[in-house]
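As written, the chains take the letters A, B, C and D, and residue 1 is the first residue of each chain.
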Amino acid sequence: MAKKKLNVGLIGYGFMGRTHSNAYRKVGNFFDLDYEVVTKAVCARNEERLKSFADQWGYESTETDWRKLVERDDIDLIDIGSPNDTHQEIAIAAAEAGKMILCEKPLARTGEEAKPMVDAVEKAGVPNMVWYNYRRVPAVTLAKQLIDEGRLGKIFHYRSKFLQDWTISEDLPQGGEGLWRLDVNVAGSGVTGDLLAHNIDTAIWLNGSIDSVSALTETFIKERQHSLTGKVEKVGIDDACIFMAEFKNGSLGNFESTRYARGHKALYDFEINGEKASIAWDLHDMNRLAYFDHGDDSIVRGWRSIHVTDGDQPYMDKWWVPGLIIGYEHTFIHQVADFLEGVAKGEPASPTFKDALETQYICDAVLKSGKSRAWEKVQKV
Amino acid sequence: MAKKKLNVGLIGYGFMGRTHSNAYRKVGNFFDLDYEVVTKAVCARNEERLKSFADQWGYESTETDWRKLVERDDIDLIDIGSPNDTHQEIAIAAAEAGKMILCEKPLARTGEEAKPMVDAVEKAGVPNMVWYNYRRVPAVTLAKQLIDEGRLGKIFHYRSKFLQDWTISEDLPQGGEGLWRLDVNVAGSGVTGDLLAHNIDTAIWLNGSIDSVSALTETFIKERQHSLTGKVEKVGIDDACIFMAEFKNGSLGNFESTRYARGHKALYDFEINGEKASIAWDLHDMNRLAYFDHGDDSIVRGWRSIHVTDGDQPYMDKWWVPGLIIGYEHTFIHQVADFLEGVAKGEPASPTFKDALETQYICDAVLKSGKSRAWEKVQKV
Amino acid sequence: MAKKKLNVGLIGYGFMGRTHSNAYRKVGNFFDLDYEVVTKAVCARNEERLKSFADQWGYESTETDWRKLVERDDIDLIDIGSPNDTHQEIAIAAAEAGKMILCEKPLARTGEEAKPMVDAVEKAGVPNMVWYNYRRVPAVTLAKQLIDEGRLGKIFHYRSKFLQDWTISEDLPQGGEGLWRLDVNVAGSGVTGDLLAHNIDTAIWLNGSIDSVSALTETFIKERQHSLTGKVEKVGIDDACIFMAEFKNGSLGNFESTRYARGHKALYDFEINGEKASIAWDLHDMNRLAYFDHGDDSIVRGWRSIHVTDGDQPYMDKWWVPGLIIGYEHTFIHQVADFLEGVAKGEPASPTFKDALETQYICDAVLKSGKSRAWEKVQKV
Amino acid sequence: MAKKKLNVGLIGYGFMGRTHSNAYRKVGNFFDLDYEVVTKAVCARNEERLKSFADQWGYESTETDWRKLVERDDIDLIDIGSPNDTHQEIAIAAAEAGKMILCEKPLARTGEEAKPMVDAVEKAGVPNMVWYNYRRVPAVTLAKQLIDEGRLGKIFHYRSKFLQDWTISEDLPQGGEGLWRLDVNVAGSGVTGDLLAHNIDTAIWLNGSIDSVSALTETFIKERQHSLTGKVEKVGIDDACIFMAEFKNGSLGNFESTRYARGHKALYDFEINGEKASIAWDLHDMNRLAYFDHGDDSIVRGWRSIHVTDGDQPYMDKWWVPGLIIGYEHTFIHQVADFLEGVAKGEPASPTFKDALETQYICDAVLKSGKSRAWEKVQKV
């Protein structure tokens, strides 16, 4: 059966531009889908580098103005991989043009900015999804399955961190290529929007809604040179953020993120304690899931280290043989596969813009609490 | 050289009565001290079991009234191993009787209750110490040494948990022998005083004072039968507690304890992130210290798992040979040894009652914040 | 600069057919090479499945007779991914046709069978390489670098295992698709040629030649139904093999492989103990390298767990950002990249057919020793 | 009930003298036994240090001639803690004097030397035991229990190592105090008798008899100064030893020991692979047992890390509470407790001299094979 072609127009060629492009090019080799993804066009402002990127990844054409891309009839899907401050305008225009939309996380800089994006895609009725890729780590998807099967019972605790150490040096400037994540105007926030947004997305998927939060935020280095102006300017982002959360299901959340945890490159982890079982996972060893089942015979009870590489575990029938691991980039391939299956069936793939809006509101409450030093209610979606 | 005898009178024969007794009996086999500890008398109310305990541990005599013990001329040191609600009265009487005092942790149920104890020992000028035994885990003592040597540089983060899972069952009663830790009137609080007090004691030792805290406390099981009354009564303790802390040195603290973390028996852990290095430790593998040194060559940089069993590491010259571990009980032996060396030199051994009062004030602020749902300042000692 | 096209003709569409195809398709996205790989043709006997495979992986054409493939003028490189008993005939024909050759491991069923293959490629002067992919795990390549830098000093011990558990069931037949590894006529041997060959290839790369070996081989299940004949037939392969080795450099080798180690899917590991440092690695956590440096300060000395995901570690500048891992398949991509760089420079990429012949001779000596129950000298290449 | 006194006479005050003395002094505090151990006398040649040791450990008297100790009527049990070359003579004399005997391992330097010792204790009918203490690590005892319960099913593989790194320096002399283990005349052999004897003792206990072995032995440093003569002399011990073994039950053994494994202090480990389950353990983390149960649901199957500190696990009801570990020395306490229970019941406690003779014969075969470079049969006990 001939596959239907689905033409992608990608905006942005940075780190995320590469992960998305790779996903588009590989998904068909491993998943049997109704759609064949065509890397039709890529858009960015620097023409020379754009050309090189297009060559490297096999994009058929290029654009330097995203509006032109959005207007093109031969584009079915707009993939927004540009910095956070550009998401809203592009997404609304793409929705109005009737395009499917994939948007990098966080959906926007704030919930207020994100809400019209949700409205736009819902009004347009276009398939949409946000690249919270960690839902598609097989071990994380397995965690979801175990919770849905009731294996944990009532949940008491959700604990999650995202620790990095790459901004400890005072000499690192803010702003500019690769460093826009330190510029509050572009990024919207620091670790909260960049890292904790991942923790939160996974948490609400696995453990349901969060009602209220109390946060402690800190900016360790108060001033940094700005790459664009060349001047030393006040740093507006949060370098670190701890927050406590009350989940709707009565469990307690403990979240923390920082870019000042020496020794941790990208240590995203979570642990969930239920009445009957517990689960733990971390990104550095992403193919493993730790699982404690209180139902085991007491003399041989212990945390199991599950090497999630077997064919009966999520997504792993698509890859190699038991014991052989997959990498970070595979999560994006899984997400594209799920999205395309959703499109084929007319069903949304998670997380949708609306799902991501919930994460955004939680981030808003966290940042607000960091300033108010009080518990803050999370706005309902 | 003949050793001076130091006669101990122990109050309480429970779990802690055993750990202390073991320390008294073993310390002389491994440490060369000026003092020889004599297990002179043990005191408790149940005469039959008291006799059996005295036989098992070689106590020369018994008392059923602690006041009599305190009054005895042949007792040099009173060791308070009875429940929290008895500490104050005994300690003050013992101080007034001019006895040295070792007191189980927490010092008292509240800072208010603890303060007169500090005043009493200071007025009496008697050597005093609180059994926060984890300072004497060799790996933890090594952590202190590394920090004092400046190996971590400026500290950004302190993260510590104490997770257990033994009270998840609703059928567990509160109060009575072995279960007084669930009775708020006896214990003063739940995980805060019983477990977080340990985390806090270590934290202020390693990282200095805490200025303010914001806490989330929860009692998952609201009512339990009381062993003494036989009635179902409201549970007054905190089953779980998370708190965020601002240290005086500018670092951020994240603390959590619960007895509802399925899969964790006594998982006390901490991690400290400094500019130049990080440290991590946990009680389940208490002979190991994790250490990350950013100064290592970048291509071979990684967390080191230090097996703290060598003769040049704290306390380990007293024990076996490299690779052979020690256990939980050894921390108490170390503490007795340090105390006796302090007595010989006329120097206090830490943590003194005063040091423990600081922990008490932090616990007070935590519990207060759990109720007020606001940031609370910690009272200064 | 326009890249030169290099047309690949692949023989075999099994597990290895997929890993090689993926490498061809991805290498250009991540490595900047002079050559562009074209997946020109794939060859196998089952026409229907061949067609499906070609579609899925973008092969331009198909062949059902490998001789036709070898004769085609538009093929530059023959990739032999078919079972072991076919390697020799194809390789010699391909060499005679002047093709570059990549051959799956082991090079052949025996050294005797392999030797003419080496002669053929050397006579023809064609670039050649064997798919011992584990040399290109970044952590393993880093191990090589550390050894070459002299960080380990004199080597005393090399210890390596490859443990699996997939053939424990008696009901598993021998022979037939996916199970030809259990048929001695096709495979040549059991774990020795299939698994230990990997251990040996890495060992001689990292630690030099092996002079002599003493082996213990076992076939736990003596008879299995043969898929092709339908009859219960004697099993000719080794289910398990342990061997001791004397390396030329004076170090002692301990090797073991089995498919009866319950709980291990594909646990290939090695540890090397040198005078100054030690190294350990395993495939299940392939992005980590364990490293012990005796030169560290004694009080903080310990095994380091190096997360080999930084840009200054082998190959990792091509992938994502620190902390984000790669998977099994990437080793093949690295190998293609190195091979193509070698072709561009006119330098052989390791392991060549000749390198692989050395491994073959060691396997021969191991299998011979398993039968003779005596130490056996390894034939020199 | 008044306990019966059992008077111990210890020979040797080195490392093992300390571990045994500690066991005698502590056993009564933790185990409820019919016997009360009295540390009656200690014997060694250096009078000054002997006196100091006796004081430190509470021995009532001292002897400088072991023959006098053996002749004393007030001694019930002779504990042989002196170097290997003294075991035979003392043990035979003690047996003839009707004393119970505890002997340090290995029982003797060779099986030939050990056999008369077995004959002597059997003829005298005296309780006897050898200090292979690792059988009494709770995790190891649990392993025995799991195997006896049939949880592993048919055993395929037994793998065990004992790695150290303390003799790498060429400057270390042989012979003399603390270093007699390097003097072949005193020790009998190197790692084989000192370390592998432990591996073997545990192995035959857990997995039954060994029929034949093939070994590779090496002395890396051929000459060392001898402490007693002051001259550089040939080193007679094996620095490293690898051996393969055929167990009577059809499983394959792989054993290795060395004192040249940089980074390992005392890494005694073993792993057992059975049809239904596997077990692994190591001494550095001696309170943990790794367990893989193939019967677990496939999606959550993984190695369990069992923290062996619960009251229903071997010996642990005698100690603290779940999660709190014990140390190396506790294994000796357990062994004394088991021995005394055996004496009370008139049943031998394992390993008896006869059990230890089996280990000795295996060591003999290993050392013989190291020289003959052939498979050697193990002599039957």
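The rule is simple: contacts are C-beta pairs under 8 Å (C-beta built on N, C-alpha and C of every residue); 3 or more make two chains touch, one makes a residue touch a chain.
Just so we're clear, the structure is a prediction, and the values are computed from it rather than from any experiment.
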item	value
Each chain counted as touching chain B and chain D at once	A, C
Of A-D and C-D, whichever chain pair has more C-beta contact pairs	C-D
Between chain A and chain D, centroid-to-centroid distance (C-alpha), Å	55
Distance between the centres, which are taken as Cα means, of chain D and chain C, whole angstrom	42
Multi-partner residues of chain D (each touching 2 or more other chains)	264, 288, 303, 307, 310
Parts of chain B lying in touch with chain A, wherever the complex brings them together	156-157, 159, 163, 165, 168, 214-216, 218, 220, 240, 242-244, 246, 250, 252, 254, 256, 258, 260-264, 273-278, 292, 294, 303, 373-375
Chain A - residues contacting chain C, complex	15, 19, 21-22, 25-26, 28-29, 56-57, 164, 166, 264-267, 283-286, 288, 307, 309-310, 319-330
Chain C-touching residues of chain B, taken from the complex the two chains share	142, 145-146, 151, 288-289, 291, 293, 296, 298-307, 310, 312-313
